[in-house]
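There are two complexes below, and they share subunit A, which is joined by subunit B in the first and by subunit C in the second.
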Partner chain A sequence: METNIVFHILGMPVSDNVLWTWIIMAVLIVGSWIFTRNLKRIPTGFQHVIELAVDGIEGLVVRDIGDKGKAFVPFILTLGLFILFANFAGMLPMGVSPTASLSTTAALAVLVFLVSHGAEIKEKGLKAYLKGYVDPFFILLPLNIIGEISKVLSHAFRLYGNLFGGGIILGIIYMFIPYVVPGVLNVWFGFFQGIIQTAVFVMLAIVYIQVRL
Partner chain B sequence: MLEAAIAIAAIAIGAGLAVSIGAIGPAVGEGYVAGKAVEAIARQPEAENSIRTTMILGQAITESTGIYSLAIALLLIFSFGMPLVGRLLELLG
Partner chain C sequence: MFNATEFLQQTVNFLILMFILHRILYKPVRKFLDERTAQIESQIRSAEEQKAAADKMRQELELQLAEQSRQAKEYIDQAIRRGEALQEEIIAKAKQEAEEIRQKAILDISLEKEKAWAELKEGVVQLSFELTEKVLRSSLDQAAHQRLIQDALEKLDDAQLGEPV
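Coming up: the complex of A and B.
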């Protein structure tokens, strides 16, 4: 769980996780700009893939949340894209998965927490939101609060544990069999697990928002 | 020095037990969910997509208990074990 400091900016240490987060952010921003520069009414080439992804996520969100959920599609899509790229970054040579660090996943989970609770406050008002904590009885107040905290904790730990645990297993296998096998396992942990864990995180985010609305 | 060695051994055993025992429950549960999903798809092949997403969601939530035990094991090794190993190496010179 130690952090590798790569360099300092104005005396502030920058770890490899933060560096790779910035790289992924840059790739996503530049990629979004390039691929959405000249969108056409009748899609050609790569626009098909983009429309497929946006349509898929929108269908998922609208199916679970309903028509109110359309406002959350950009947030969910950004979350999914960032986590997918972050999971894949671990497969690159010298690459570090930012999601294999608890700080990143905790930040993402807190983000989902803020969005879902903020949406409820905006939808129902502050009074009804606060009343939800003493529902159905006043005695259940501590239980409700613990439930909300454990949601965030398990959301963060699930992504982190899977990525970090995969990295540890890969390291151990690499010590025993340095040839061929780690490469295959790298593709398994990076590609397959990366996609599955992204889907899980995104779907749980949708469900958490839907529960609060 | 002996105390430190015993503590390190206990931490290692504890971390191993935490993961191995904690993995039993989620493994059984996830297998059960997958088996039931296969049954459901066999009965209603047209609902395959929605069954698959529900299955993955259910497995992800089942998995969190296993992830908790993994987190405990990591905490034991990296937060308690590693400093002790460093101190033992210092004592050994």
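Coming up: the complex of A and C.
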């Protein structure tokens, strides 16, 4: 599937995925700015959602990683919010899910890889980190490297495949029966799958960090 | 399918988003939640301290109340005892006074009786004199006259008209 270039900035191509990523970023930034301006001691309305998101993600991270995991909460929180909104973007008219692009999911998976491995190096030191690749025997070094690369690939392809596959199924069904079933399927592939895939990606990210520490 | 430029752009986009959300979402909300938690903990601690103080005060008041009840009971008992003692004293005094009145009355009666008896005897003697004088005016001498009077008085004593009490 070809990348759909929308326009260029200073000669740099901007695809529809990147454009929608910027839209999602704008929504998240403006929304966060608006809804955190006047936090009330007794929460009302959307403040519940914000508190639930921050407290919920922190609870998940601390439960799995412990108190030292608090440093990763902003990363995991951003990951969860971005993927959720990116997944939902596909439900909008003319909307594009950036997470239905392998480039986006690979970027996220590589960032999870870098964060988890960087945390291990910081926690245990470079020597202990490198030694982990030859445990229990030196001969297992290629397998260990392949294992780590596989984690990144599976992490990226799982989200991409689910979103991209859901989009293709919806597209095919739209062509055959455009007025009856798509509404229900849209809810399933857009809403429920969006939430489920976000949860899966975030949980895997937490686990990948946790096993490294 | 995979586009390296897009990959790099999305990586940078995500890092920018993380940086901004950390500043405008996570930090303020976390700070707010921490402050609220601290406030709630402080209020709970304050409520517990107030409850402990109230419990202590209640116990002290209960002790004071018990002490006051005990003192009040003691005062009442003392008052009852004093009342009973006073009652006995009044009764004894009244009895004594009654006895004194009775003795005085008996004495007065006795004196009045003796007085009456003496007057009666004197009257009888006088009457005897007069009668004897009338009956025997002409025939009896002075000696016989005296003897008759003496006999009359002895008979009067023997008749046991009553002894002074």
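Simple rule for what comes next: the second predicted complex is superposed on the first by the 207 of 213 C-alpha atoms of A that agree within 3 Å, B and C clash if a C-alpha of one lies under 4 Å from a C-alpha of the other, contacts with A are read in each partner's own complex, and residues count from 1 in each chain.
As a convention for this text, contacts are C-beta pairs under 8 Å (C-beta built on N, C-alpha and C of every residue); 3 or more make two chains touch, one makes a residue touch a chain.
Bear in mind the structure is a predicted one, so any value in this text is a computation, not a measurement.
Engineer: Under the superposition described at the top, does placing subunit B and subunit C together on subunit A give a clash or a fit?
Structural biologist: Fit: subunit B and subunit C sit side by side once superposed on subunit A.
Engineer: Touching A:G59, do we find subunit B (first), subunit C (second), both, or neither?
Structural biologist: Neither partner.
Engineer: Here's one for you: vertex at subunit A, rays to subunit B and subunit C, all C-alpha centres; what's the angle to the nearest 10 degrees?
Structural biologist: Superposed on A, the angle at subunit A reads 120 degrees.
Engineer: Return the chain, subunit B or subunit C, that is in touch with more residues of subunit A.
Structural biologist: C
Engineer: Looking at A:V18, would you say it contacts subunit B, subunit C, both, or neither? Reply first, second, both or neither.
Structural biologist: second
Engineer: So, does A:R158 touch the first partner subunit B, the second partner subunit C, both, or neither?
Structural biologist: first
Engineer: Once the shared chain is lined up, is A:I196 touching subunit B (first), subunit C (second), both, or neither of them?
Structural biologist: Only subunit B is touched by A:I196; subunit C is not.
Engineer: Regarding the shared-chain residue A:V207, is it in contact with subunit B (first), subunit C (second), both, or neither?
Structural biologist: Touch status of A:V207: first partner only.
Engineer: Give, as a whole number of angstrom, the minimum Cα separation of subunit B and subunit C in the superposed three-chain arrangement.
Structural biologist: 8
Engineer: What residues on subunit A does subunit C touch that subunit B touches too?
Structural biologist: Dual-contact residues (subunit A): 1.
Engineer: How about subunit A: which of its residues touch subunit C in the complex?
Structural biologist: 1, 3, 12-15, 17-18, 21-22, 25, 28-29, 32-33, 36, 39, 41, 50-51, 54-55, 58, 73-75, 77-79, 81-82, 98, 101-104, 106-108, 110-111
Engineer: Give the list of subunit C residues in touch with subunit A in this complex.
Structural biologist: 1-11, 13-18, 20-22, 24-26, 28-30, 32-33, 36, 39
Engineer: Under the touch definition given earlier, write down the residues of subunit B that touch subunit A in their complex.
Structural biologist: 53, 56-57, 60-61, 63-64, 67-68, 70-71, 74, 78-79
Engineer: Spell out the part of subunit A that touches subunit B in their complex, as residue ranges.
Structural biologist: So the residues of subunit A in touch with subunit B come to 1-2, 60, 154, 157-158, 161-162, 164-165, 196, 199-200, 203-204, 207.
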